[in-house]
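These are the structures in question, set out in turn.
Shared between the two complexes below is chain A, which has chain B as its partner in the first and chain C in the second.
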Partner chain A sequence: MVEFTLWDIVRNLLMALRWTVALSLIAFLGGGAVGALLLCLRLGLGRATARAIGLYVQVFQGTPLLMQLFLAYFGLALLGIEVSAWTAASVALTLYTSAYLVEIWRGCVEAVPKGQWEAARSLAMSFGEQLRHVVLPQAMRLAIAPTVGFLVQVIKGTALASVIGFAELTKTGSMIANASFKPFLVFGCVALMYFVLCFPVSLLAHYLERKSHGRPA
Partner chain B sequence: MEFDFAAVLAEWPLLLRGLAWTIGLTAVAVPLGLLAATGGAWARACGPRWLARTVGVYVELLRNTPFIVQLFFIFFGLPSLGVKLSPALASVIAMTLNLGAYGTEILRAGIQATPRGQWEAAHSLALGPVQTFVRVVLPPAFKRIWPAMTSQIIIVMLGTAVCGQISTEELSYATNLIHSRNFRAFEATFVAVGLYLVLSMAVRQLLLWIGARFLFGSGAAAARPAGASHRLGARHG
Partner chain C sequence: MAAQPDTLPATVASAATAPRVPVVRITALRKSYGDHEVLKGIDLDVLRGEVIALIGRSGSGKSTLLRCINGLERFQDGSLTVAGKPLLHDSAMAMRALRQQVGMIFQSFNLFPHLTVGRNVMLAPTLVKRRGEREAMEQARALLARVGLADKFDALPEQLSGGQQQRVAIARALAMEPQVLLCDEITSALDPELVGEVLRVVESLAQDGMTLVMVTHEMHFARKVADRVLFMHQGRVHEAGTPAEIFAAPRTPELQQFLVNLALPPTA
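So, the complex of A and B:
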């Protein structure tokens, strides 16, 4: 039997941490792009679109992320697409992230006073110009803190990709725990690594939030 | 591609059982979690400094690690310290700790929004610190944050899907069982997702109704429409 030293455990977990970070970035950037697209559709098109996107948000916020991952995993296979755990996890987490971000950003756009839209329109700006030059710059300032805060949820969400066989931090931790018979130590280390990853992001979000409220941080 | 939902729906007793487990786990863990949150919020807002710090560490540790890792730590890790837990008990403990941590932060925000004058008024009426907290500060704080707490409770409920990984027999576990029997993985998951969606919508309505009806007297004003505010404090675990 192979003996696992603490260094063996930590080294292997650190190797796996890369994939957690990579998947988080994919989900966050992909989700941000899809979310931005949905936001534009929601703002620019009519009521029906807004309602459809509202439904999309409700479905993703009202069902477990784990089930969404399974659905992507099995569903993409049905469509005849060769699915690896990578693909399924990326797709599911991207859609999940986009649903939350579009809702957060919608709130920020709605927080911009109506008079700003009207003022922009009275200057004969087109809808795109109103959005680009007047509304979005103000909404973006509001959006930064909650968006960074949501990144923590994305990082934690990637842990569920372990269930469909994606060998990130949690999955690797489970495998090492099974092989080394040291579950307490291994899961302790895994939790610590997530904490080291997430806590600075939480602090940053908190700092940004206080700053945007005009209070000294 | 062909779908066969009938094969999945034929297993309805399993689905029903899973649904009952999901609801049962939530029904046990949520009151305990709210209790923990109330204690935590008290410690953070008016407890002695060392206690406030300790609770702060607990909150940050729980909020910055994934629920599944917490669950594995409790279920697989603790037995090596001699604490052996059944899957259901481990699930309830993890859910309670999770809701306790998020709830503490949500409720603390509600408590801090209580005007200083209310504390002083209670004090000048010779109410003790416990009476002041329970009777004067807590009720309006709960009322203020109830929509956010409702969202958090639903997130905790949806989190039970992960508990199937330690063989708690809730809905996602039942789903896996069904597709291991009939190989209709997509259909089984699809049906489960639908059930979760209906469940979360029903529970939201129930909680908002409970809030308006029982927690805050007869004030219909308490039943604020589910606006943007209810999502503010809620975070996934």
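So, the complex of A and C:
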């Protein structure tokens, strides 16, 4: 049997870490874009749209991410659409992230006092101008901390993509643990890497929150 | 007055010449929230250059009436025109045109907290009136000077007192060069010692011929500045007249009671 040195373990995990980072970025950028689109639709269109988006949010928040990954991977295959683990994980995480972000952001928009909308409206601004120049800058400031905080959840959520065979950090960790018979060491390293990834993100959230406080946008 | 070189002298002139044209014409306006009717048929012509004070108990519909004039509230029945153009809730274009004619100042100031004082004043003219940056900035400086805040251009709203914030809000509304200015209890959220500075600005606007419709609890101010006082009661204009008629010789028991409750006896 092959002997694994600590360096072997770390090196392999670092290679796998790339995919965790890549998947997190896809989930966050994709989810952010879809979430922003849904937010605009929810704010700009009528009650029916708001209800439909509310349902979308409930579906994704009310089911485990694990099931969403299974459904994206095996469900699409059942429909005759052959998807790679990459695609399935990207799609599932994007939708999952968008559902949470649209809800976080909606809360932030609603936290902006009604008087701000009314003042902007009474100055003859269009709905888009009210949103862009008055409400969103204020909502964004409120949104920074919870949004970046949620990014940490997404990074950790990518670990679940291991169940559909996507070789990111967790999957690689369990493969090495099985081969090296050093599960504590290996998973210790895996946990440390997640921490190293997430901790700066949390710090960034705090920094941005402080920096933006009381400054004109 | 640098900001409005043409409009105001013209307003003053037309205010002096009869017959005067109504800037706002409200006919048989009814508004309800669900089953509860808050405005039960309001008729009101606001003439150019006129200062109208709406008084009455809270819940009498005076703020709702004011908010109907610029479309912040929808009404179910009746009609409302501003400068001859009807208010059409469902037409974004018509509402945008109408709101450029109607400025509004709120009880809670509602300045944009993320923008400096100067940007607060400049935002709507640059967006809605497509005014250039320089022109908008000059106008904003002139208007801020007019409300006595020339040195606050770069300050943030949170750095100002309530009275200063409300004066910025007045400058912001004036920047759109409205035909009529609506004031919704604009001194009610202020500490007593800050009320005077805001009222002085409003008074100077009135003297310059600005058309004003104000909901107010400042009876002394209403008596001094208003051309016409409307006492609202249970969703109707219950009594209307000159300040002298309303305050010195109230005819209806409701108005008499209202004035007594304010510790403002009609003989005063």
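What we mean here is this: the second predicted complex is superposed on the first by the 203 of 217 C-alpha atoms of A that agree within 3 Å, B and C clash if a C-alpha of one lies under 4 Å from a C-alpha of the other, contacts with A are read in each partner's own complex, and residues count from 1 in each chain.
As a working rule, contacts are C-beta pairs under 8 Å (C-beta built on N, C-alpha and C of every residue); 3 or more make two chains touch, one makes a residue touch a chain.
Predicted model, so just to flag it, every value in this text is computed and none were measured.
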Next on the checklist: Going by the contact rule set out at the top, does A:115 touch chain B (first), chain C (second), both, or neither?
Outcome noted: second
Next on the checklist: Just checking: does A:67 make contact with chain B only, chain C only, both, or neither of them? Give me first, second, both or neither.
Outcome noted: first
Item to check | In the superposition, chain B vs chain C on chain A residues touched | outcome: B
Next on the checklist: Let me test your reading of the model: by the given contact rule, A:137 touches which partner, first (chain B), second (chain C), both or neither?
Outcome noted: second
Item to check | First, second, both or neither for A:187, with chain B first and chain C second | outcome: first
Checklist entry - Taking the superposition as given, does A:125 touch the first partner, chain B, the second, chain C, both, or neither? => result second
Item to check | Touched partner set for A:84, first chain B, second chain C, both or neither | outcome: neither
Checklist outcome for this item: Per the touch rule above, chain A residues touching chain C in the complex are 113, 115-116, 118-127, 129, 133-134, 137-138, 141, 214, 216-217
Checklist entry - Taking the complex as given, what residues does chain B use to touch chain A? => result 1, 60-61, 63-70, 72-73, 76-81, 154, 158-162, 165, 172, 175, 185-186, 189-190, 192-193, 196-197, 200-201, 228, 231, 235-237
Item to check | Residue ranges of chain C touching chain A (in the complex, touch as defined) | outcome: 70-72, 92, 95-97, 99-100, 102-104, 106, 108, 110-116, 119, 123-124, 127-128, 156, 158, 169, 172-173, 176
Checklist entry - Which of the residues in chain A come into contact with chain B in the complex? => result 58-59, 62-68, 70-71, 74-75, 77-80, 103, 107, 110, 149, 152-153, 156-157, 159-160, 162-163, 170, 173-174, 177, 182-184, 186-188, 190-191, 194-195, 198-199, 202
